[in-house]
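Following this message is one structure expressed as structure tokens.
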């Protein structure tokens, strides 16, 4: 018996929407089995994982808060991937964005008034873009592949943050613990819902979705990016600058990751400290691909990813399931989502006789 | 003149730190040479580390542990292969998902084995150690897997450049359409390469849990899978370069500790960036010659293959 | 085979429910937030041992739970808030990075009691607690001073925070109290948990002539490295003797059992008050693990005497005169360092090779 995939004559529109549903159902079944194996009631556990976090205003705001950095980083990564530019170092650009924006907050201290927050955001974007400019320079000037340089620079960025909060930027009243002063209210992002942590960073992220969609679909730059990704040869022939595309997509994705970084520290974290991200920059790569490198798809993917995080915490708190179980379920869900995408382009068929052999 | 004992110790420490990177990196190199990008090394290493450790505890035989680790790594890679090769899922996203899955799975599997100290591979020869001079002791602490890591790059190099199977594998990685037209079983070859990568990652993981730090704890690979991945790009897909890169990375890590232990005044966090900066610097030096890197990068890397497309 | 975490968890949750008499009041809900997976040794493991001891001591009066592997970034605040929302009356947050999140949540839940480990910010419903780990470190230093031939003590450390710096200084002062020529070589791993890196750091220190090593990191790699190379070690956080049966001489361990029992008892009785507990050997919060038989009887006796002296307050690890690395007198003869200066310690004693 053999699995054969037959190409569909055209992308099946229904399948574009149906495939995630199929995947979620399949992973719910698999997760249910795992829960049963671990001695928990599968239905209760599934409810805790997928539904309970959405049941309260607090849960919904936390979902938005968690999805914001994923969305911002993932849109940038996706634009890069469309142009065949692999930025897997959003984590580092996120960190440097947080450092630069946070540095502005610390430099102003109590002064600066309404000027501080915009400056922090700009510095965050600039910082992220600057950190991404290094791989762009190394790629265009020395041909060094950005997969490696962006990843290495992420490790470097995290160490720089560690050095700053242990050293020069340490809170002088903080008993030499590794942290800066807390940002003052005028250096913190305004909240959207009273009593919750969701802040205007979420609006930036939401605004980025249509902007990125227009950029990719309706502009000359977007066209160049897509051509560079799909047919590098044709792009050269058409006179599009390959270096220009590399610079543009890395600066853009770096800037977005930097914005995510400053929104995180000027939002829920409220200061610089050694750990400011549970790996948003890396998780965003999955989000980008789950969203099929499409800004609107990425919006949904980031919400789903955030939901799994929140639900996973719930599984620990309410059902005492170890976090490792959540990791396994996350992995399974991603597997099913990715596998189900095959339905969009192909019709799978099991054939009993092996196909033609190619020796 | 520095003490020769210290120099020898640094060399041995470097070799040991580089071993897991060489093993996992070689596996990924072969996978990528066939045109498949598997970002799940970290996850496969963790599952290998956990399963290898568990099998060693159960059987009392580290050799069986290593075999189990390779099988477990290959099984993880098989999941990846099924998704990306048979179902044509995106390789980057599937690889990352494999890492998330592997981190969770290894922790679930190994939870009952966290409190089992075992005898590490390196101490197999220990009865005579106490009588030997310190220099000889250092040399004797090289365990069998380090030997494998020393020899394997040459074997893989030979396979990829001389053996027929290796040449076919590279042809598949260069252009699956051409290879397919020539009658090669593209998918089957890629399955082989992916599973070889998984087995090597599993073996690398078991080096950590059986030899380097003989224990199992959650997440003990601590990012080495990502370094191995980076080293493949760094090596421009050449096995010997990969081994040298791993040694360089290991050496800079060890040198950082040496410098600190000598009491030199540099903030530790900035010293910790050295291995990464050194890797970038060397990559820049190698990549400046554009034609060479372009020739080595498998042209079909990361692209799915379907006979009808 | 040990009892799995799951079985333990199951029994701790189910047993009180079965045993609870029908007339008893609802149990007090208590929650713990852990920064790492519980594992088999280390910082989080010791807190988990404390929680289990508290469960065992208070039985049906309490229903406790924990959340492990909670990141110190923005996620911790959500977890703590969720725990407060779901009816926990007492919440222990067991890592320094939870300080500000704990305070933020505490403000929104004035009726819930919080206790934050190792921090310095308190509120009407937020206590802090920590242990004087340096007292145990001093004793470990005495052992090092007696057992090391070269007098060079290797120290694998994670980050230069006061708690780590106190430990390094106290180890050296303990060693110098019996061997004035003793020195400490420090190597930073810039990570609380990376067994491979800790292993490489220990190898490096041994290669550079350290014949006694200890660590302030979260894995058992250093104890294993010492066992393999025949170098004495002292473990940290948890008893690590099974990873170094011949060479791991003891470990500086934290014992939170009694603190958790007392605090939760007070919360149940309604007598809980915000306070700052910083207990040491005298309070039983810091203990040396059982000494390895390799420690000679006279050294063991010396340790027993000095342990009693520290407990009684007769021996202060940071008693003057103490000279800093820069050659300046940090503590004058006859004086000893004040608690607030110990808490913020950011300088090394003369004889430490390494920089903060």
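We just call them A, B and C in the order they show up, numbering each chain from 1.
As a convention for this text, a contact is a pair of C-beta atoms (placed from the backbone, for glycine too) under 8 Å apart; a residue touches a chain by one contact, two chains touch by 3 or more.
In this text the structure is predicted, and so the values were computed from the model without any measurement.
Taken chain by chain, the contacts link every pair, so each chain touches all the others. Interface comparison, A-B versus A-C: the higher count of C-beta contacts falls to A-B. Distance between chain centres (mean CA atoms), chain A to chain C: 36 Å. Here the CA centre of chain A is 27 Å from the CA centre of chain B.
Listed for chain B are residues 107, 111, 218, 267, 269, 272, each touching two or more other chains. Of all residues in chain C, those that touch two or more other chains are 5-6, 37, 159-160, 190. Counting only residues that touch two or more partner chains, chain A has 159, 162, 166, 322-324. Contact residues on chain C toward chain A in their complex (touch as defined above): 5-6, 9-10, 13, 31, 37, 65, 67-69, 71-75, 77-79, 81-83, 85-86, 96-97, 100, 108, 120, 159-162, 165, 190, 343-346. For chain C in complex with chain B, the residues that touch the partner chain are 1-2, 4-6, 37, 39-40, 154, 159-160, 185-188, 190-191, 193-201, 203-208, 219-221, 224, 228-230, 242-243, 353-355. Against chain A, in their complex, chain B makes its touches with residues 43, 79, 83, 86-90, 92-94, 96-98, 100-108, 111, 180, 183-185, 218, 226, 229-230, 233-234, 267, 269-270, 272-273, 276-277, 279-280, 283-284, 287-288, 290, 293, 297, 306, 308-309.
Across the complex, chain C is touched by residues 38-39, 58, 62, 65, 159, 162, 166, 174-178, 182, 195, 197, 264, 267-271, 273-278, 309-310, 313-314, 316-318, 320, 322-324 of chain A. Within the complex, the chain A residues that touch chain B are 3, 5-7, 81, 138, 142-145, 147-149, 151-153, 155-156, 159-160, 162-163, 166-167, 282, 285-286, 288-290, 322-332, 334-335, 338-339, 341-342, 345-346, 348, 357-359.
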